[in-house]
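Some structures are shown below for you to check.
What follows is a pair of complexes built around chain A, which joins chain B in one and chain C in the other.
Up next is the complex of A and B:
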């Protein structure tokens, strides 16, 4: 497809080089350092320590318990909820779907802090309420969030939406005719569900289970907030603790390798599970699936759905609002005790607020723009097979999925605190981290969007003498506008939520909101945390709404 | 961070090797030369500071107090903006070391609740000599470095405290031994020496005077483990735990002043003493603003502010104790040994993690 001299060639090479720098360099350093002794020679001692020292083995076991439990809980909750929303006549189905997606805007560590306010064994609002209602003695607790169970619960709250989206989308696409046929042959509603719907949805659910497992495996914020008070570590918090003085990067690097290997293996498994999904659709066009009538179960169903949503959404936000306007987070605000003290403190006294807000939104905008652009180019190259070695690009763009945020943080720290690119201490290192972390999802979104655009239009542009870049800019990009905007928003939100890489890479001049909240947590300044969290979520929501207005404007007709 | 010739390494061990003469007693470090002449706050210094216009202060003092100090300074010297970098002393220590190794110099003035840090930094030649007039004139020898590198900006204690709504005064623990009573199982909160300088300092004193066996037994009391020494008093105020095993006296005192149900206990065995020295970094990007703030922060005016709004204690003999706080001279104190902490910090942390698991 190449013709004449075209600027696209150097651009393509540059993209490939950039990816190599972003991904190969940090992972390479990680492996090298994990195999290096303090004196600089080759050693396996770091790995020996890792698998014999109980302070590493225990967190590894704990992490696996958490990940398996979260995975199971997420499937148990997300599958019925996804089915109710996608396949039944449950009232408010659209609203519930939107709200589940909205709960994804909440950073998991903010959710964990909010659940601390709700379910700390003594001061938690829910425990206090229960004592009031049941007369339970003051020393007993209904919920103890500082426990393995509490941590699993909170991680599940902010992980099940991922599974839910997968399941609901898969059920949307599932041909209704198969179910119709089953009913026509006399099967009862529940029989149809058991014999047709469940088997068809199973591969997706399996993929969802793996996504949930990976999320839980690599999460840093929630365990840091809930596990340490309870007296245990997960693998991510243990890696982070190795950066305490005196820092032990060689052990941190070694401890990162199991996360890396496990993630790669699971992603292979996920690809295999999702790879089988195609068997359901046998060709031809299907009608929209017929919603299943729930009858008298409609009301209980919607109550159940709202109850589930209370966990990640209604209850935590109520707690955050309460503590934003209260002097002590464990007291319910009344008309006579309401105070603006925390708001004033956060915006007028706390000198880190404004720099952190500025850094965060600068980085989020830059990461979203750069990330969407990069993903667009890679998706284009791969979809149109525009250069030799396009498969490698596709692989590199997907590879960061296998790198947990904290591991990438360690790798970037090792790679960019030495010449030739001493980027530590600048916003650039955070930009690289955020773009790298979000690239796989962005690439996958845009990659699937490219399949919807027929290459004919681009070929017409090229035949009329436009360069490849110009065709991409003038023809392809406008056609993909909604997908690009969606991707931009996705990266924007994800960057603002990011904590695990940022907590390794920040300096005082490059502090972002998530790190500021994390610091405030360690000194127990929950009022300021509530104000900052609500501000963060509000701004994120506004930016997404604005981006979606752009997207809603009349646009080029799809090809 | 592998052994690269270009990166300068900062480890406590390296520091120790350089200080075979590290003697007992808080601030005794080998004297190299006479300290620099004391500096007054002159109009020229103020002008120079204003020209720089800003500086950053790394501290581990409670955030609310830190921001109040900043606001007071900015009001006193308009035109110089102060950025507060508040984190746990051990975390700040790690960050400053990490930034220093990478030749990033963000910090102008540093204050730590772990006095050992100042010894380490001094030996690594990371501090600039500077003696404010008030320090030279009034501060007792125990609270200033003989080479003029640092001086105690704050003093506080690390006492026991309890929530008065959850515990009656007669049932409250009177000593560290009392905390091992099974009735406190699941009701204690304490902060972490890997994060907090106050707790690192206190852990050394408590393990020396009570023995590690006390910590071993305490760890079996289902203690809620938080990070900063500023947090246990806040957990008491929330009613999340009934008793704090350690934490900053000044934070508890401030909560009490605000009417929260918090009462302090000075244990029968003695209470750990925590001095928090301040210094100017040798590579301070804003050296004049740093000098102005450091000089101001040691004046009677600023020290009195620490006492009045922060419930801290002061090394400045002219600063007056608050009437609502127990008199400093009436409290049985444990002996502070900063140079021992500098020597043993890693071992102390490792021992602690052995018992408390995190």
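Up next is the complex of A and C:
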């Protein structure tokens, strides 16, 4: 280890203190407040209310129903689609894979808004189309998006891509020879699929099911948009409603605890599912898998895939563009009726647009910079075991993964509305929230980047006489540059889309874009909502495209 | 069991030719090695035989039946073959016993037969104690034996091996070479074996097909390949040979580095350039000049000498700068810088085919 001044202790203390401010304090206050009565004494009454009052029990049950259904639907859709894309000779497989990834660019609450435009019982474009075709009276509707089924459908639309990516990647990495060996022993294609491919992919699918469950469990935007008009609550919207006047933070804190506990448990289960590893790669080079011939099924398969993609991608974006450029959102826009009125209104007349955009860019830039730096520091310390206690740092940096956004929002609210750090009402509290939420993913990205830079590359520099800092600057930094930039972009994008913590923590002075869109829902200005949503998606797409370009540049790969 | 016959087999990927007009007959019960450097088309040839890929031209016949042709290819599962993969391709979610019994279950044999066959093969492969282990819990050599057992238990008509030993360490590799030959002698399957290791090919094969750039350069028993290489590529690839650039003087003699050599192998036409190969350990090295009139002697200077235990390895530079490697008995030590006479026996100087 290094000689000279030992900086490790101060750095460790500083980083640990920072993480404590970000994680330990909010979660601590959350637990304390949930166990405190109005008079300040210890009580379990909040939890008693939680598990007896139907206004809490019903949302809990609803949330579990939604999560289970979403999880099942995602697996049923994503597994066959992932298999088609990764393992068969379906046409356009590459395009479809890219489009599924692209559908992740859509923030779920924007998707929910778009589906309102499509399938609201009266004004929904699909329902209008149906009435036009069938001649049904105006009070008849084919779809009602304001329903439990509608909500489950919309959440599934924006969750199945996660499962899809897991499954497709696992199938990509599964050595083709494992299937070839089965064919050589006389197994027919479908026997090989049943006896070899499916059992090997099962742990991944299980992990995917848990990811989908978690996603549905902790989502705030879509239920807030679709469930509340339908007259029911999920756990997250119920917690949010406790912050509406008159606020009941102690109940919100108590209601956050089951969400926190469930998330921790599910994450452990997921780690176990993936940790057993579908297969041990046993040395040697594996051949790429042979694609399965679909024959006459090729065309039906690709039509099915495109139909699935219409749900999260084609239909919602058609609806958003329609609303953005139409004077009346519920009419289909034609060449005569197309207008820039909504764009003008949103950017020139709506007084809250510019402050929100400014706040959003400020926060996204600051969160991305701070988050990437923090993650880089922790990743270096952990990857190179640069100081004692590095494991603790790694654990703390991963911990926020287990804290749902809305729960962190509640915790931060409770921790920073009181001295010594009364940050509520400032942008700082949002900065802390965003950095905390994005830290685990950023740390994992940079951690694996450090793994790819073999320590021997640094040691070779040291042996030739460069100091530790010099090798870091000359060798490690250039090799990591694109990973750091990618992480920065990732945090930037994630911050722009974040709603569930922001919706608890914003004040009228600190509105951000996502909250503005959510707020406009109340006033019902669909045109402005569509314009702002498309703006958000456009910014996201540009940043992601830029990051991809940087990442795709020829990079020295470790030999 | 049946003979495997490749007839004018070719495989093209766009403009690239992976296998180029290969014809080869593997007799019933024979073990043929496809030997060559990476990229020579040997693995593609094997995968063509297995039915994983379709030929662009030519046919593959097994036991007189056409299994592969550009118009129709029987899928791998319909070929009654077994294959051993470089990575072993053991299924990590099945135990050793389940892996080995898989092919028997696919063949819908009854429980008792499966158990009996499983027991027999596990004992032959010395795997009884490991039957309930998972592949991840086995060493490389054990995985290799499971892979062998899984391929053999179904009693295939044809056995294919794709670089089966390349993932083992040196000691184990040598042991397994003999193991594979022993199992072959016991079961006598028609076997095609792909490797880039000439020692592996020498120990195991009845016939070696040396491949280069998608073509079979030379086909013959190991001894013939070793002693009578037909092309410069084979001479260099099999190793231990010097290849000299010479010019033909008449039908049998060539001039090289100011001396003359009598050669065998083919008749030459005077004035043409010709490559001559001669094995390192066939060359005699002496301090004394040969008696006058003696043929096939060249003078040179020792430029390097290495003691290798059982032999001594010399590098000798001739008058025109040509370097020759000479393997000599270790007893006599000639220091670098000494002038020496080399004897290249005429029957060991092979004139190689023109490239």
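The definition used in the following text is that the second predicted complex is superposed on the first by the 518 of 559 C-alpha atoms of A that agree within 3 Å, B and C clash if a C-alpha of one lies under 4 Å from a C-alpha of the other, contacts with A are read in each partner's own complex, and residues count from 1 in each chain.
Definition applied: a residue touches a chain if its C-beta (ideal position, glycine included) is under 8 Å from a C-beta of that chain, and two chains touch if they have at least 3 such contacts.
For clarity, every value in this text was computed on a predicted model and none was experimentally measured.
A.B. asks: With both structures lined up on chain A, is it a clash or a fit for chain B and chain C?
C.D. replies: The answer is fit.
A.B. asks: After lining up the shared chain so the two structures overlap, which partner does A:132 touch, if you call chain B first and chain C second: first, second, both or neither?
C.D. replies: Neither partner.
A.B. asks: What is the contact status of A:464 with respect to chain B (first) and chain C (second): first, second, both, or neither?
C.D. replies: Once the two structures are laid over each other on A, A:464 reaches no partner at all.
A.B. asks: For A:508 in the superposed arrangement: first (chain B), second (chain C), both or neither?
C.D. replies: After superposition on chain A, A:508 lies in contact with chain B alone.
A.B. asks: In the superposed arrangement, does chain B or chain C reach more residues of chain A?
C.D. replies: B
A.B. asks: Which of the two partners, first being chain B and second being chain C, lies in contact with A:419: first, second, both, or neither?
C.D. replies: First partner only.
A.B. asks: Once the two complexes are overlaid, how big is the angle at chain A between chain B and chain C (Cα centres, nearest 10°)?
C.D. replies: 170
A.B. asks: Just to confirm the geometry: in the superposition, how small does the C-alpha gap between chain B and chain C get, in angstrom?
C.D. replies: Shortest inter-chain C-alpha distance (chain B to chain C): 50 Å.
A.B. asks: Do any residues of chain A touch both chain B and chain C, and if so, which are they?
C.D. replies: Shared contact residues on chain A (touching chain B in one complex, chain C in the other): none at all.
A.B. asks: Under the stated contact criterion, what part of chain A meets chain C in this complex?
C.D. replies: 175, 177-178, 180-189, 191, 195-196, 199-200, 277-280, 282-286, 290
A.B. asks: List the residues on chain A that touch chain B in their complex, please.
C.D. replies: 33, 36, 38-40, 55, 58, 120-123, 138-139, 146, 227-233, 241, 243-247, 249-250, 327-330, 345, 349-352, 355, 414, 417-419, 422, 424-425, 507-509, 519-520, 522-526, 528
A.B. asks: What residues of chain C sit close enough to touch chain A in their complex?
C.D. replies: 50, 52, 75-83, 85-93, 102-103, 106-107, 135-136, 140, 143, 150-151, 154, 160, 166-167
A.B. asks: Taking the touch rule as given, give the residues of chain B at its contact with chain A in the complex, in rising order.
C.D. replies: Within the complex, chain B contacts chain A at residues 1-4, 6-7, 11-12, 56, 58, 62-64, 67-68, 70-71, 82-88, 90-91, 93-95, 97-99, 101-104, 106-107, 166, 186-187, 192, 194-195, 223-228, 230-231, 234-235, 237-241, 258, 260, 345-346, 349, 353, 356-358.
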